[in-house]
Amino acid sequence: MSGNKIGKMFNVTNFGSSHGKALGAVVDGCPANLEISDNDIQIELDKRRPGTSNITSSRQEKDKINILSGLFNGKTDGTPITAVVYNRDMDSSAYENLKNNPRPGHGDYTWKTKYDIYDYRGGGRGSGRTTIGHVIGGAIAKKLLNTMNIKVLSHVTQIGNIKAAKMEINEIEENIDLNTVRCADPCAAQRMEALILHLKESRESVGGIVETIISNVPAGLGEPVFNKLDSDIAHILMGIGSVKGVEIGIGFKAAELKGSQMNDGFYIDNNIIKTRTNNAGGILGGISTGMPIIIRMAVKPTPSISQIQKTVDLKTMKDTKIKIEGRHDPCICPRITTVAKASVSIIIADHLIRAGYIHPCKLK
Amino acid sequence: MSGNKIGKMFNVTNFGSSHGKALGAVVDGCPANLEISDNDIQIELDKRRPGTSNITSSRQEKDKINILSGLFNGKTDGTPITAVVYNRDMDSSAYENLKNNPRPGHGDYTWKTKYDIYDYRGGGRGSGRTTIGHVIGGAIAKKLLNTMNIKVLSHVTQIGNIKAAKMEINEIEENIDLNTVRCADPCAAQRMEALILHLKESRESVGGIVETIISNVPAGLGEPVFNKLDSDIAHILMGIGSVKGVEIGIGFKAAELKGSQMNDGFYIDNNIIKTRTNNAGGILGGISTGMPIIIRMAVKPTPSISQIQKTVDLKTMKDTKIKIEGRHDPCICPRITTVAKASVSIIIADHLIRAGYIHPCKLK
Amino acid sequence: MSGNKIGKMFNVTNFGSSHGKALGAVVDGCPANLEISDNDIQIELDKRRPGTSNITSSRQEKDKINILSGLFNGKTDGTPITAVVYNRDMDSSAYENLKNNPRPGHGDYTWKTKYDIYDYRGGGRGSGRTTIGHVIGGAIAKKLLNTMNIKVLSHVTQIGNIKAAKMEINEIEENIDLNTVRCADPCAAQRMEALILHLKESRESVGGIVETIISNVPAGLGEPVFNKLDSDIAHILMGIGSVKGVEIGIGFKAAELKGSQMNDGFYIDNNIIKTRTNNAGGILGGISTGMPIIIRMAVKPTPSISQIQKTVDLKTMKDTKIKIEGRHDPCICPRITTVAKASVSIIIADHLIRAGYIHPCKLK
Amino acid sequence: MSGNKIGKMFNVTNFGSSHGKALGAVVDGCPANLEISDNDIQIELDKRRPGTSNITSSRQEKDKINILSGLFNGKTDGTPITAVVYNRDMDSSAYENLKNNPRPGHGDYTWKTKYDIYDYRGGGRGSGRTTIGHVIGGAIAKKLLNTMNIKVLSHVTQIGNIKAAKMEINEIEENIDLNTVRCADPCAAQRMEALILHLKESRESVGGIVETIISNVPAGLGEPVFNKLDSDIAHILMGIGSVKGVEIGIGFKAAELKGSQMNDGFYIDNNIIKTRTNNAGGILGGISTGMPIIIRMAVKPTPSISQIQKTVDLKTMKDTKIKIEGRHDPCICPRITTVAKASVSIIIADHLIRAGYIHPCKLK
């Protein structure tokens, strides 16, 4: 394989699988002198882990963090930080009948085809549990971002056809954690919860849209022409399981606009260059403008639904049917907000070092 | 900077700027024994170059290819292929008044902020002309893809709010080059042309959507978790100037679907595993399924419009206004199809080698 | 930092420190379907670990391997292999007085200068124990090399001024493990052992030369101009702690030769192209010839000697003296053979995949 | 291939071949605001080019530099710098008879084996002329090093068995360019010149040793464990054609020393930490100490000698003989000093940015 590392200066190597011994990450390139505690990472893992509400998978995983290397007296010392989470509540029995019958909408078939040997238990390395590595990397990146007062938030703006109302950034921030769907609009949140529970009962799942906003990013991040900031953000987000689209700023709506509608005019505010509108989403020419960076991603409905579905038998090469058991989220959007936040934090941390905003070796 | 290379095994280093001496690319990692002629590249550059119709910029550039290295007796010999296009029809006069007044919607401001020194003439390295390097790389990649009968096509599906009708792949292929907008639906194409001309006259520009379809890709391309095929495709496409969104398969519509609607059930067709629907867009778990890969990108309206716009003066740090002269495309979508095609061809060529489908050193 | 990964297709990320919780490696890019057991790695770690004879450090570490990811039913499945060794017998007391007094010949001073925060206990990440990651990577690489019948051996050819006699490859192979110094010449070995023990008693250490021979490498490995096979081998070997020189084939003696003496004439043997002499050491133009690859590296005497040495106090910035306690090898050469072998195995495995000799995704 | 790029932040992509249209490099990651003129590069190319004395090849190449991109008003602007040298005095006739008869000591055989298609004219891409790309990259790196007052010099210390006397750095600097062999010791230089001329007449060639010294490097460059400074230096130097060994500081002599002889004790000089001896060669634990970095490389005799040599016919697969015509250097050492200097300058420039000593985007 060999596609398990991301980042150039600040980089994350992700490892592990759903029903293997452990999952985790090696975070390399983090400057020395950054305070990191177990809790800094645990707090983020807790937001990602399943079993915390009636709309998530019932798999019970404490996802307890174990830091194996990279810290000295509670601070980074410039060496690679390895952190591991052991799998505990594995129930592989539900997967035996999937061994040769790939689940529609899942990577079972493609993994099996590519490597011949495929750990089908819990989706193996294709499982959403591999995002534990993202969250570990993101939690460390967040500590770096904190030193520059950069804030990242991620919230659900749509589930099925229920859309949240538009809100100001600080309003969103205050409201995200008030409900289990992580939607800042309380009315929409209530309807989304109801929809998810209803679909769960009818053995269905549903998709949605997750928006991530990064505030206080300095102007100047991003390396044209192949490592533009939007390009690198799209790269990591499109790689999260279930994501089918990524857009920046006004995104796909740009297709319908005229130039005079799209362009964000500049003005001076207290000696700082700003734009009144932010259709660009904080990035021009691939480089951050200083305005908030706004990204949305489309999340497909969880493919694991316990209805009878059409599939094939890879041994006999004949058509067959399948009914998926196991424990699954009827809607992955709420939990994926944590992964989106972690992912863009990794990219921003990397670019802060690449652009000289954070010293590559040590913090003051 | 240092963000000018893409690809791991088959890789492209892009260089040059709009009003500098030349633009081009070094293509490294192409196996030996591939026949390449000047014409193979010229034919693609001709589709990208301006001045070819009344809806493109009137800048007259022949964009004549010069191959400086990497071929021996008309074939690749495994060494880096360098190809260069010299700039000819440069008119930098129109840019003098932009020196300190960044154009809204352009990278002028962010480039200047990042590097202090900025070649503002024609947008410098932020210009769309840098995609000449993409097209060179893509033309060579295309020759590799031909050896496996993989086909890439790129067409305009929407301009403003005019949408093309859905069509079969072979229909699209036959119709793309029949009009100047590169839209396969002749009725929509006619209306798109009219719209673009109308907006050009009213000193406006307009956005659109470009779809790229890759057929005959074998199952097994893509490296989870950070170099999934969709992830790497989104990476390069989001990096093309003016692109604000990328989606795979059903894309953003996935947000509204239920699992049973989204999942593409498998079936056997002549001993090959297929899906009847292709909501996934040919990629599952980040790995190609063998079904056509379908990607759409949102293209914003060209930011250069000759209306008076609000901007700032970077020297005096005061608000001011600007009127952009120069030669610009009222809609970049038709020309960007060639860039999209080239870009995904580079990614597919790279992954064919990474996945062992094409020998890394030599073709038979 | 961010210099903890080596290899392009087959790559190793190394982590951990001498007195931290654990050391280990993530091995990515190993094709699926390779059988690997704990024992395959343990057997190599046992050759590297201290405390096994009277000429090595007395630190008692079992260095027991723990594979955390990457295997399914005893075989690789194409996902990253993470393996960890927990530190057990740490005695950090001997290092307290070194906190501000860098040891001559060690990296204490440079690490402290670069990162400010430095885990001085046992040399921290500068310790020889970090080569556990090399050995883990090398053990997995060895299994890949076995599939092509490629053999790597590493032996001591000189300690101080005692030189081993020249021997044939198969003779060397048979004799390496018959003594604690890993010198194939039994007479020299006896004298080397005596020398090391004598120097140990007189609070001294001694350097030496280690030779590594790789047999059965196919012609065609190596990527000019910056990833030549000798270049990549020198890269990894020069990075092993205490190595001060690397030479290929006849090495530094080439300086004294005339062209007619140096050149290895070609001849045909059973339809295979060979050379009677092998001054080139199996590599021409940076690409393997098919002849055995021969590399020697100069190993300096262990810097930790329990004599009084001149150093400085980093706090007071005044001259001072230091006496190093702790447990150290009087000569690192015997143990470093295992690290050299592992290191070149990683490079060869990587180049076998890069050159198309081993499929990047799966073994048959 | 795909091994034509070196460097992480400051990087060089090398292209071209001996008898192709052109050779050159793309230098990416150079910060903006660095003044560079054609002459800065030309002056270094002139030291490398052949035909300048009676001990070099008689091929007459002006090697005139053409900068195609990356500069604006005489300064870098953060975009990739492409520079090209066109081949002029190509005489491919002498190579026709080598088409199927690989020259002993050359890469002809291995290149042909690896890629099937091989541009045998002048050694193709295996030619020493590819180091034009190194020299271009090195000339730009030198300008960066100048901003920190870092100096690099490279001189010949041995030809055959004639060895130069040991001299102080400033003495060496003053004397290097006083003779055609680039040996700072005038007596040795005279004998070396005589030896080379004598061997040239007798259709022979000879090897030697080239030493490179880097002064004023700040402490703190180098990234353990796989990108140590000595490791990265060895990597690039071992990749220069004809180099068979690289050593740092005391190098291979370390094998014979005891710890008390090898270790460089620290002391304080004007509040700066120094060592009185410099056996380490300016690098400890892979990180620069601030003392001069001293590297020697062993250069083999030029393999092209006009004597009859044993080779094989690749078509008939039978033994045969060969007599090489063409124009060759009887000793490559004098010209290779320029390449060594350029190569280490690239590595130091890269590490200065990686370690935060030079801003990655722009100079003040």
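Going by the order they are written in, the chains are A, B, C and D; count residues from 1 in each one.
One rule holds for everything that comes next: contacts are C-beta pairs under 8 Å (C-beta built on N, C-alpha and C of every residue); 3 or more make two chains touch, one makes a residue touch a chain.
Computed from a predicted structure; not experimentally measured.
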Report which of A-C and A-B is connected by more C-beta pairs in contact.
A-B
Looking at CA centres, what chain is most distant from subunit A?
D
If you average the CA atoms of subunit A and of subunit B, how many Å lie between those two points?
26
Determine the centre-to-centre distance between subunit B and subunit C, using the mean Cα coordinates as centres, and give it in whole Å.
46
Cα centroid separation between subunit A and subunit C, in whole Å?
39
Subunit A: which residues touch two or more other chains?
1-2, 4-5, 9, 14, 114, 125, 220, 354-355, 360-361
Quick one: in the complex, what on subunit C touches subunit A?
1-2, 4-5, 9-11, 13-17, 20-24, 26, 28-29, 32-33, 67-70, 72-73, 75-82, 84, 114-119, 124-125, 360-362
Contacts from subunit B onto subunit C in the complex sit at residues 8-9, 220, 354-356, 359-361
Looking at the complex, which residues from subunit D come into contact with subunit C?
1-6, 14, 102, 104-111, 113-114, 125-126, 130, 133, 158-161, 199, 204-209, 219-220, 222-228, 230-239, 241, 244-268, 271, 273, 275, 279-281, 283-289, 298-305, 307, 309-312, 314, 317-319, 354-355
